[in-house]
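Take a look at the structures listed below.
Two complexes follow with subunit A in common, the first pairing it with subunit B and the second with subunit C.
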Partner chain A sequence: MPRAPLPEFSSSVRLKYVKLGYQHLVDNFVTFLSIPVMVAVGLELVRRGPQEIVGLWRALELDVIHILCSVFVIIFVATVYFMSRPRPVYLVEYACFKPPSNCRVPFSTFMEHTRLINSDEKSVQFQMRILERSGLGEETCLPPANHYIPPHPTMEASRAEAQLVIFSAIDDLIRKTGLKPKDIDILVVNCSLFSPTPSLSAMIINKYKLRSNIRSFNLSGMGCSAGLISIDLARDLLQVHPGSNALVISTEIITPNFYAGNQRAMLLPNCLFRMGAAAILLSNRRRDAGRAKYRLVHVVRTHKGADDRAYRCVYEEEDAEGHTGISLSKDLMAIAGEALKSNITTIGPLVLPMSEQLLFFLTLVARKLINPKRKPYIPDFKKAFEHLCIHAGGRAVIDELQKNLELSAEHVEASRMTLHRFGNTSSSSLWYELNYIESKGRMRRGDRVWQIGFGSGFKCNSAVWKCMRTVKTPIDGPWSECIHRYPVHIPEVVKL
Partner chain B sequence: MGVNSDAAAVYGHKLSTVVPGSVSGEAVVHELADVDLVMKLHYVRTVYYFEQHETIDGLTIVDIKKPMFPWLNSYFPVTGRIRRTEAGRPLIKCNDCGVRIVEAKCCRTLEEWLRVPHSARWRPLVPDKVLGPELHFSPMVYVQFTKFKCGGTAIGYSWSHVLGDPVTGTNCINLWGRLLGGNPPPKSLLPHSARTPTGRPARQAPASATPLSVKQVEPVGDFWLVTNACKMATDSITITESRLERLQSEKLNGVPAFEMISALFWRCLASVRRGGREPRVVTICRHKPRAKRCAQLSNEQMISTVSTSAASPVDLDLAELAQLVSKQQVDETKLVEESIDGDGGKPDFVVYGANLTFVDMEGVDLSGLDIKGEKPVQVDCVIDGVGDEGAVLVFPRGADAGGGSKGGAAVLILPEDQIMKLKEVLKREFDIA
Partner chain C sequence: MELLWMIATVLFLYSSLSFLWKAFDCRRNQNCYLLDYVCYKPSDDRKLSTELCSDVIKRNKRLSMPDYKFLLKVVVNSGISEETYGPRSIIEGREESPTLDDCDDEVDDCMHSTLDELFHRTGISPGDVDVLVVNISMFAPAPSLTSRIVNRYKMREDVKTFNLSGMGCSASPIAIDLVNNVFETRKRTLAVVITSESIAPNWYCGTDKSMMLGNCLFRSGGCSFMLTNDPSLKHRAKMRLKCLVRAHSGANDDAYSCAMQNEDTDGRVGFHLSKSLPKVAVRAFTENLQALAPKVLPVGELALYVIRGLRHRLRRSKETKAYAGTAVRVNFKSGVEHFCLHTGGAAVIDAVGSALGLNKYDVEPARMTLHRWGNTSASSLWYVLGYMEAKKRLRRKDRVLMLSFGAGFKCNSCLWEVLRDLEDGGAWEDSIQAYPPQSLVNPFMDKFGWVNEA
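And now, the complex of A and B:
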């Protein structure tokens, strides 16, 4: 039998055990250190005997004042410590909008409409090619205004879509949690491309008759990563306001954003963006800890806007004919990769086990001092998380991340299947993916989830959640009727 | 009012598409039978007129479209598009592409509109599109909703004959009406059958004679419509119950209404065309009534011919002619089917209008469409793509009027100049207005 070649070195059994031992040692270093110390102290105590210890105590000559002061100091320090710890933020429940079958747009219908609307043969062919390779399925949904030839975007239609998606999600959430609208203390809504006056948050306050002293925020223009920005904002507010809950709505309204021109760089959003919305209930109340699904552990936001290339890579502008559209630059994947690297560099130390961080540090030192040509060590993020939710921005994004982070097919399954069933629903896609994992019965207590969102700016945002109780497979929700069909095999190219 | 201004009275067209609510399946095809391909150059256009009523006028386009999704689940092949096999034979790829919906407005009231002559009345209210020139992207079914000034709605329904005969077409739209009224969708759905077209055995050249009832036309390629040599027009003739009874009792005992009305029109048209091309041979087309709840798509008409050997139809007595029609039909259905080449689906035929054609519309349930309990006050039903010899759609029991009258009615699809003359003859000889 030939000897295994050197690059296969690490897969040999012996080294595997060495690696395992190393990981256990470094990860539990403090435990390993403290055990001998505690044993030594215990032995010393036993050796000296109780009489000697009492004698030592008497020798200190403490009177009541000293004792009281010491106790006071201890209590003071303890109080300051406990008060300055951040409040835990719990995700009590969330609900995603399930698009009705009367909004369905099969491939063939989309293509036929494109041919009828677009005069330019080349851009029709281009859109056909995108759609064939997009990873979308035959059940994705567009709002009713987009079923017209040409699409019929009016303010009224946009509001109607917003009401449909947002109110459905909130009604679902209320039904699942028994939440009383008057009980909501904080409301954060994010919708990038549709920002009417009064705002969408005002629309929700009006419909559900929320309290007059509610703290409401409406984030617009922040792109597909705005979902995690809203979560971050809600978390910060929940630190300041004790005993409160926050309702976070993430959505994207498709109706006003159909691009009617022929510029290729701007045609992609037409092909990929679909209807979706999510409503999330966060709380810092202690009594919600018992029924909450997840606890928010970290939110890390990275903004590459200082770099001109990154700033311009997703840019809304008018084309030569005056049609407004969102132009995606060719560098998009490269910039996304860089933003991700930045984000990972920040989140790595927070979530990676000590063993991985030490390896990374040592490799970094080695690269800098000994051998610059040495391959950088990519920390194994699979060790830090059980589940991954990557923004379903498009097939290329998911493929790129799978390659960069060396993820298996199962890790990206939630993202791919969400893209197939719902399309790119922008900021709410992370929640559809989380719902997929739950619907598959894979979410157990103690599991950690990493949500990664990308968006215009260019931003890369991450959130880390820890599951607090094993989630029962939901009987309703967007995946309930089709989960048994998934995962499906998505071919490279779908023939239209 | 000129024809142009009638068409211009309908404005504000908005097009959209409705698809089946569920995915029909991966690469599902609906094969077209030989007889389907024979009928492919014809289109059934129907317009249902509903009077002003708060239930109907209160329906928004969302209410109208909502039951269409389960409706198309039952009839998913009608939402597909034509494709060809490698040999060139057309079939339907069930890709859920959808039916086209048109919304329009009319600046006249329904009463004013119903006074417009028949030929100009129905055309602006139903999309007159055909299959082609881009077969892959041509919808097979269109539905148009036109709202009249001061209330009232017209529903225009265009059905490609290649999908099925008028009985099937009407059953299809009637199901939508039932679903709109809140009835549950039917349980028995069409089977999601063939994935790939089954190979057909190559047919030998038919040894028997070529059928008289159809006319082979120049290959139409991908544009499925034959142009007429002369301008065709349409009109509607009502035969009152009393007139019908009198005719039957006087001359024609035992001859059913359809044959009698056909003979009547045959004779009159022959006298109109006297000296020119007299119709010595006529085609009779009868449809098999189908169970209303059955969502089957097929062309199941019986095509036969009747010929007057030597004599001109005018010289024959009406009674004799009626006897001829009722007793001496030569069934050519099988013959017609066999003329289609198995592989390529060629050649291209015109059936209605190859000879003067009489179509028995008795099984066609035009009054079966009701919108939340409201029936149409008037229905115009016409066939497009009729050949130069013309066709007469016979409703033996006034099925088109929707008013429940028991008389007969006929819709004429004839060259424009012949219609006026025909009406004069009818008035003069049979006192039918």
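And now, the complex of A and C:
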């Protein structure tokens, strides 16, 4: 007679509590260890009574010198310890560019313009299908030059867009923080697809009359993950220069990058990329610790460029007619997944609680030694972070990551809503998403945020922040007028 | 209690020793050593002679006779020889419509040949590189040039890449500054920096005179160099970085717009060089020197400068006519033996040379570099250094000052200390014997000398 099948252990309620107990035990191992010691000491103290304790103290015959020495040693050791730790990097405040409503590109405008610019009906239909499934909303914005039929991608117009988005964001930041431009010590600008000479960093130095001994860097061509590269660079600079602050600007200038051809792989950016910019103020000054919003905990960069497939998946090239555009390969999702896995392998040990790490390690050992067919254990990153900001590259990217990391709808809500309201603003999208979480009043002191950016190269970069003070709503930002309408349900296909 | 006393002493000694060790260890890792550098030498079929230049200019049907004369005049009087190199697309007649492939090929040629040689000479494999910086001002494709290199040389996943762009002719010290800062946060790090310029997509095809100068002066060139802060590689290093000063005068509107990439009235993009450039350069130069002098000059010279300054002020207040317009000179040669000046043009080199009180011997490397290679933008400093090395001028303990100017307007400088006698010919290997030549006059002066009349 066949035995009844074994019950499904993984879904058993009892096992769930066992797992919970295991997690608490391993995570708070040191505390558990010290409890019996503390109890013993406490009991001993109570048993001996206060009189005996005072007597014991007198018997030690400590005079002033001994006490002073001991105190001195303790202070000395503590100072050495604190001095040798890396300087904390604080995010004092950040501001995102709020596009004006006259730059809006609702679906109808986009399709009308596309039909007038592009004579090839198949390309028009393709772009319509992309837009229907893109996850974008009706309020995303394109720069003024792209509203012309055909678009006017001159250098002057590109500079004008740069001035519009960057200066608005910086003005906003100055207003919020009372920052004096002459106080800025470090300036890092990243803009992938527009790199004039003199650089955008020189443009900012000129407009705000920054100091002549400023350390400025202009990164270009580094893709949608360049925002975190800038943060990494600013962090390194802040480690070296005490008492400094750094202004980081992340943006993407859309004007010069309109693709005028018919190659399908190159039409996608036209449909997805939208105007945006973010200005971030970082500082390592102790006096800013009180008013800072976040503290930077980790930045992990992963570059998959050594693999030819990964290198070619987001590639700027010319089509047969000589039009330049960015071609996105069909492998993009798979490559993004692989890049994320590599990044997670590095960041996992840094952020995961001991319980998850132990489980991961044990299952890895089990797979290697006992049973290779066993499913790999995917660490529960939800235990390590309260909020996630995934680069809003496109609906497919967010879906893929949600599946890979086993995330709930709430975890990816910020990304989806940012894609809907602002489109793919490239490197600044992570900041719009963070602003969404804050606007919803979900950001509490002690919360940890994980920002993940993907970009051409192929790179996957992560940053981990810890919230230092609860952010009270309502907040002044790009979401201020529309946050009450969010979250919205985004259908699979919006019929146009 | 003696025991407590002993314990306290032991703890105190231990903490102070470990603190001192940490400080010493930090200092060991703060040095930035230049392991090696390789300057780019394009193939001979890319040589841009005056005759070829003239043909290229003639191809631009929009130019009138006065424009043609002006351009040819600049070329003939530029101090540039027949041996400088241009991009293939221009030589082959595609200067008006370079393709993305042309730009990629130009950049690849430079980066790959210099990097291959650099890795070969240092014996270090690409997989050991921790930091990669590329600075090419006027070409920034996606994926970036750093990704291009990571792909070709199969570098590690955790390599830190930085692609600097738009930072002009003075970007070399900026890249070094970036690497130096990263070095101070990590131990035993190896960095590779590639500096070059992209000429192919930036040839100006219009009629605006201020934008045509770039065509006459900029030439193909580049350099890859390897830096490290690993003290165990010190014995193989050529130089050690002593200090670096950056001065950005972009806050001033004239300075910001004096060297700018813009569209002309016909909508063609070109690099505009305004007439106020020399004045702006002087101002930026002064600012840089003010910060550089205390770091570079010996105390004696600084004291002398203060005394001379006071004396000058006193004299000036008494006899205004005689001393009006004269400035107190600082003798930079007391703190620096060799000067690598940016080869922006003959006038720039002469002006900087006289401001620093340099003689013909001191500016010879820069002048000869301009003659042999033209203005190769950010990499020019390395060709000048190469000249000095090929001429066996660089001896142990000598100090080398690199000084460059660039759009923004920036003036950046860095001081190196030579660690051992250097003798590599490098890119100058086959031509150093012919330098300095008897005359720097363009051999086509006879043929095109008529442009100097009228």
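Definition applied: the second predicted complex is superposed on the first by the 438 of 496 C-alpha atoms of A that agree within 3 Å, B and C clash if a C-alpha of one lies under 4 Å from a C-alpha of the other, contacts with A are read in each partner's own complex, and residues count from 1 in each chain.
As a convention for this text, contacts are C-beta pairs under 8 Å (C-beta built on N, C-alpha and C of every residue); 3 or more make two chains touch, one makes a residue touch a chain.
Just so it is clear, the model here is predicted, and its values are computed rather than measured.
Colleague: Mind working out whether A:Gly457 is in touch with subunit B, subunit C, both or neither, as first, second, both or neither?
Modeller: second
Colleague: Would you check which partner chain A:His113 touches, where first means subunit B only, second means subunit C only, and both and neither mean what they say?
Modeller: A:His113 contacts subunit B only, not subunit C.
Colleague: Identify the partner contact of A:Met275: answer first if only subunit B is touched, second if only subunit C is, both if each is, neither if none is.
Modeller: After superposition on chain A, A:Met275 lies in contact with neither partner.
Colleague: With both complexes overlaid on chain A, does A:Leu142 touch subunit B (first), subunit C (second), both or neither?
Modeller: neither
Colleague: Tell me which partner touches more residues of subunit A in the superposed arrangement, subunit B or subunit C.
Modeller: C
Colleague: Report for A:Leu237: first if it touches subunit B alone, second if subunit C alone, otherwise both or neither.
Modeller: The answer is second: A:Leu237 touches subunit C but not subunit B.
Colleague: Contact-wise, after the overlay, does A:Ser101 reach subunit B, subunit C, both or neither (first, second, both, neither)?
Modeller: Once the two structures are laid over each other on A, A:Ser101 reaches subunit B alone.
Colleague: After the superposition on A, what does A:Thr302 contact: first (subunit B), second (subunit C), both or neither?
Modeller: second
Colleague: Quick check on my understanding: which residues of subunit A belong to both its subunit B contact set and its subunit C contact set?
Modeller: Comparing the two interfaces on subunit A, one with subunit B and one with subunit C, no residues are shared.
Colleague: Could you please specify the touching residues of subunit B with respect to subunit A in the complex?
Modeller: 14-19, 21-23, 62, 65-66, 68-69, 81, 95-98, 134, 137
Colleague: For subunit A, which residues count as touching subunit C in their complex?
Modeller: Interface residues on subunit A, with respect to subunit C: 60-62, 66, 69-70, 72-73, 76-77, 80, 84, 86, 154-156, 192-193, 195-203, 205-206, 209-223, 229, 232-233, 236-237, 239-240, 301-306, 308, 311, 314-318, 322, 324, 326, 342, 346, 456-459.
Colleague: Can you list the subunit A residues touching subunit B in their complex?
Modeller: Listed in rising order, the residues of subunit A that touch subunit B are 101-102, 104-109, 111-113, 115-116, 138-139, 144, 147-149, 152, 496.
Colleague: If we count contacts the way the header does, which residues on subunit C are in touch with subunit A in the complex?
Modeller: Listed in rising order, the residues are 1, 4-5, 8, 11-12, 15-16, 18-19, 22, 97, 99-101, 137-138, 140-148, 150-151, 154-168, 174, 177-178, 181-182, 184-185, 246-253, 255-256, 259-263, 267, 269, 271, 287, 291, 407-410.
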